[in-house]
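Should a chain be cited, it is by its letter among A, B, C and D, assigned in written order, with residues numbered from 1 in that chain.
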């Protein structure tokens, strides 16, 4: 596996030049676009890594996957009354779709949907507890208590978060947010600002590759049907309007973040995390997607073959 | 397998009462909603069947999958200049999306996209040849020369095809149809009216489960990357705005038709066809989806676990 | 008045260079962009003209105003069940709006709405009779039996009419067209191809400035409430998404055509027709609008002061 | 005139039963639906009134007309870079249109547009000054220094203002709001909460009927071209997706408010204000519109005849 990871990085390296680093906040804009890391967590729980696999980066939207698991744990299938589970089709669809469907977002992996998920995880409790719950899950599964929110990133997200505030107030106007908008968004911005390395992220997502169980300990992190649901949502909705392309090229459920990370799940095999900050036009890491494609080419893990 | 198929039908049978038979044309409206059949084609090419698995039905939109394979064979990746490969998100999106994206349909499995695929398969040749090409593929793979267009259904489709004509003229106005609209639609309506049994359909789709090769003969029906692309498009777009639900419940690439048929591909295992005419709200066979869900529960073939 | 018309043309003449002649059909593309004419029909029925006021041009969408009057005469207020009377707001709104509002166009002066009006004027009778009815009205009011359809233009319109066919089939799919689409469109394309001079057009529209009566003879061409309705629809919807700008600059109900003509109604004063083929970005005659603005500046006929 | 006003109220009175009082805030919900008042301010500045014409009500969106006049005074035609002047066509268009047109509202009389107008009137100064400017204009033109914001209503507006906050943040995300969203909305909510009687409102709007001049004193309140622009915007956009109907029935530029008031301008004749709290489906006072229609029937002031 170590060799495959190295090969995947070699194939991916030239693609670093084809994307652009997110620059809407300073903390992301200053990241070195030459960074490239990959890690694989297998059925024994062991994590293999290559490149910049130990350097923490902003996981951004990848956090939506874990928040979804936690919100489903908390409120159960009632969550689907508040957020759909179908692809949204289009980047700009978001607010148009929200208006047509009266404030119910299409799925939990677009921004509006993730805000609803966050609101549900907060429930009637304190907002901070939701972030603590997320960090507890990530730390436990990644076997690393040091995982934390990068508060500088969180503050920047909040400062530039006009569009997300608009989405929040829009849903609130339809009664689809129970908590105060700023409180929900504070948690939302902070979950986006969690910093993790590829190694930590691959290990943290491992249970999704094994029916919801940690394959090393046998512990059920979430029921099998929930893991399957999360994987299917990732497959269909994980990359906004680039989901079809990712499904074809990589053939695995995955979720990308604007920080350049991607988490991909190879059911029955393990979890892969890649990181390279330069993004393609759809906001997915260009070299990261190339690395995953190379890895799947070598392992045959595409779910479509 | 025979036993699993029988069990799947038993689980599915009560769901026949929860749907509605398509009634927009007489030939579909008069189908007995009690019909229920299933067939599985495995790696040895042998087809197992249960229930009404030998009765031909109108495959309708399932034909889009085979037309896509043929058009890609004919024009190659240039096809993607004319039609996208991302989920459309919404049933009513179709013409809105067409307007916003200047006449380029979102994917080949919505009506507008299938019309473009048909136009490309016709190319500069006679329209009839496109239908003959489709029938040749289906007959060869299904090992049955009797497969044919139900011309009564085709005529009815044409008579009620105002919306599809509108889509056709709309794309034509953007220069995205090369052939005369009525000529393209004539082929489109006839491809929808192909009649096949579950046994025939499962055998015909088998190559998609084995990287594009007929597993019985080893013959390459289409290149591996094309089979993978088709499977991924089916997974993300095969059931309009019910694709996410189908992906979760069944966990296999699939395509439904308004005649009550569904073709599902279990990569590495085989192809399954089900038929039951009563449809759920999203236009997918209610008992058919239930049968596939039961079959996957028993075989563990979901791609997400 | 003769002097005012000459002054208006002098002010407008330089604006001929700022627009572009419609070039989607040859018969329009070859019109000399230097043409400029104006005519005014007053309360005594006398028509004053200046510039190229005797040269026939393609009235195009201006015909929609007269077709509306005739359809309301034929079917009465039931027409409003089939077509709305509110501004559509946006050029591209048309088909999006049609989908959202289930095939009912927003108003009778956008293409989709005019197709519905045409369908209603045809009613159960022969399509040709609808054109004859239109020509009879125009000839009688313009006092000129030579007014006719330019069949070359009509044929070209039909050849390039994909988008209108799409609109027609779309409405047909919602049951909002009673007659065959091609039959309705044939009349629609021919009504657009009526050729008239400014003098003829101003005289033909005169009754709209006097509560529906020909001020010369006292004859009621349409009831007062219908004339008022038509004027209000022209004011709010007569220039697509440029209606607000026209209302401000000219301050009169009006309707523009892509052939470069504009008919404007000055309630209580008379009717004005201008013609200059070069169009602004919104499809309104650039010099024509300037001439009307100059005329209103000199006469004080804006309804807003 | 006194007799005409009384007749108009008599005709309108039965229509009070056909609408519904706005109930989204308590201060509006508890208004007696039986209220009905009318006032007319003529060229001599004298105000005639009938019914509940002295009772203050919440002018709500009618304030948008005066804010528009003030913002144009402050920033000039540059305002039109930030907000359009075409009808929006549809109530739900608002946010869809905002997304398609990148945060620029269609016109100043829909909520999003009025928020932009407010932002421009604030400019770089304190928010309170904008409200003071509005009140100064209203007090001076209405000849009544007691006109004020109903702070209870303003507070309620703010509490229920999620949708407007969403619009504000949305435009802010496109850089189309210069001031902090909450600061702009605070002014916006307070301008909606100005309380005026029909008498005050008719007198305050009088300058719009006379080319921008107070006809009693000859003072120019705004230039003639600006008054004409405001009247044309009112005519085309003053009643959301009911503007076409109002234009036909009443035939005057006007602006309705959800508090049940309507201000109508009869160019060259005077200004009319009506008030009756029960609203039709489009949010316009049912009896108020009927009273205006009756008044115009008797005076012949429709701009379309």
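As a convention for this text, a residue touches a chain if its C-beta (ideal position, glycine included) is under 8 Å from a C-beta of that chain, and two chains touch if they have at least 3 such contacts.
Bear in mind the structure is a predicted one, so any value in this text is a computation, not a measurement.
Shared contact partners of chain B and chain C, listed by label: none present. Once the centre of each chain is set as its mean CA position, chain B and chain D turn out to be 56 Å apart.
Separation between the centroids of chain A and chain B, computed from CA atoms only, is 32 Å. Measuring from the averaged C-alpha position of chain A to that of chain D gives a distance of 47 Å. Shown for chain C are the residues that touch two or more other chains, namely 100. Chain pairs that touch one another, listed by label: A-B, A-D, B-C, C-D.
Chain A meets chain B in the complex at residues 84-90, 93, 97, 100, 106-107, 211, 224, 227-229, 231-233, 235-237, 241-245, 247-248, 251, 253, 267-268, 302-305.
Interface of chain C with chain B (complex): residues 92, 95-96, 98-100, 162-163, 165-170, 172-173, 181.
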